[in-house]
Amino acid sequence: MSDKKTKNVFIQGAISSEFIGDSIAKHQTKTSIGAHNIFLGQVRADVVNNKRVSAIEYTAYEDMANAKFQEIRKAAFEKFELTCMHIYHSLGMVNAGEICLFVFVSSPHRKTVFEALEFIVEDIKAHVPVFGKEIFEDNSHQWKVNN
Amino acid sequence: MSDKKTKNVFIQGAISSEFIGDSIAKHQTKTSIGAHNIFLGQVRADVVNNKRVSAIEYTAYEDMANAKFQEIRKAAFEKFELTCMHIYHSLGMVNAGEICLFVFVSSPHRKTVFEALEFIVEDIKAHVPVFGKEIFEDNSHQWKVNN
Amino acid sequence: MQIKIKYFGMLTEITNCQEGTIDFSGIYISELLEILYVKYPSLKNKEFQVAQNQQLVSGKTKLNSNEIVLLPPFSGG
Amino acid sequence: MQIKIKYFGMLTEITNCQEGTIDFSGIYISELLEILYVKYPSLKNKEFQVAQNQQLVSGKTKLNSNEIVLLPPFSGG
């Protein structure tokens, strides 16, 4: 229902370490920044009833999710003195050990990035319609539950 | 005076985004990790009396600093359920926009990494004998003060 | 009126589909849910939220869209 | 006894060197500082801490090393 253009936060498959490194490099021209804080969610090979998680398959209600990410961005920029903020989330299969969530905030000062990053990550976990299906090595599955 | 072997935390010059990306990549085999949190300190081009900071030159009382970093590591591992922790600090010249501090913590759970990272960064700022000389564009300087 | 219903996550295992349509002549979301509970009885035992126009809504909300989305607990990140 | 004194950061601009030696026959760090204040009067106006064996010490500490380090406020990161 919103007319706002919303950026697509989703990436197909895992988020690579090169992508993260490149994203860091792009901030070297922004010389008012004194502190970056980065959160990375990585798929854990949890063992449940002797079966090991080999991957998580992510699906999302994409339109609503992108709108929610946009709302979270807006709220964070209003609440904290941030120079920039980037959010990326995987869709589809992400293997254990690979990265599925990348949240990156930058500010002149460190106190700001610590507060902002935790606020944003908790908001994403609670309010963005993304669904993780944990695939076990025997191809059975269970639906991930956040806590 | 201590017999403990202490790891050298110092890197000559800026910490590159490739180095950080590589460090992230190395954690993909550690599949008990669910959350990483990374702090990056970047040299700000602050303007003081119409002069702009072009670089910071870092010196340190290296033996004591490495021992302190080791103490901080030990305290953090005792206090938090961390899977791993890495700390790197620049020595020598780091230009505005470049990275001078890289602190990286990983854990099964996100709450742990948020708490641990802030604890470690504040401890470094307060207790490690590192000294920043802010070099202005006209080659004059002032000594950096943390707050 | 034909209403499109979308399902996500574990709910798709109850409905065996990602979307369907139902014929609806009521006013409130709760009435629409009653129809879905008849069609998919085990939906009653599942925790989910309802979205209309990309906003979460309660059963007391009036239907004002021809698309409704059923969302199980979020588990991103 | 010959004591090596190391200076860091802004203190090196007062001493014009990164290290020096002084001849010392006292017991306490505070006595050693008195000698340094005579040698470098403007050191008195500077904020600094003293380290012995890589530990911060107070003036009341006894000297038990032949190397003492003067550290201005830390500004890493």
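By letter and in written order, the chains are A, B, C and D; residue numbering begins at 1 in each of them.
The rule we apply is simple: contacts are C-beta pairs under 8 Å (C-beta built on N, C-alpha and C of every residue); 3 or more make two chains touch, one makes a residue touch a chain.
Not measured: the values here are computed from a predicted model.
Common partners of chain B and chain C, by the touch rule above, are A. Computed centre separation for the pair chain B/chain D is 26 angstrom, with centres defined by C-alpha atoms. Chain centres here are Cα averages; for chain A and chain D they lie 49 Å apart.
Taking the mean of the C-alpha atoms as each chain's centre, chain C and chain D sit 73 Å apart. Rounded to a whole number, the gap between the C-alpha centres of chain A and chain B is 24 angstrom.
Among the residues of chain A, those in touch with two or more other chains are 41, 110, 121. Taken residue by residue, chain D touches two or more other chains at 77, whereas all remaining positions touch fewer.
By the definition of touch given earlier, these chain pairs are in contact: A-B, A-C, B-D. Within the complex formed with chain B, the chain A residues making contact are 17-18, 20-22, 24-25, 27-45, 96-99, 106, 108, 110, 113-114, 117-118, 121.
Residues of chain C that touch chain A in their complex: 6, 8-10, 51, 53-55, 69, 71-77. In the complex of the two chains, the chain B residues touching chain D come out as 1-2, 41, 58-61, 63-65, 67, 89, 100-101, 121, 124-133, 143-146.
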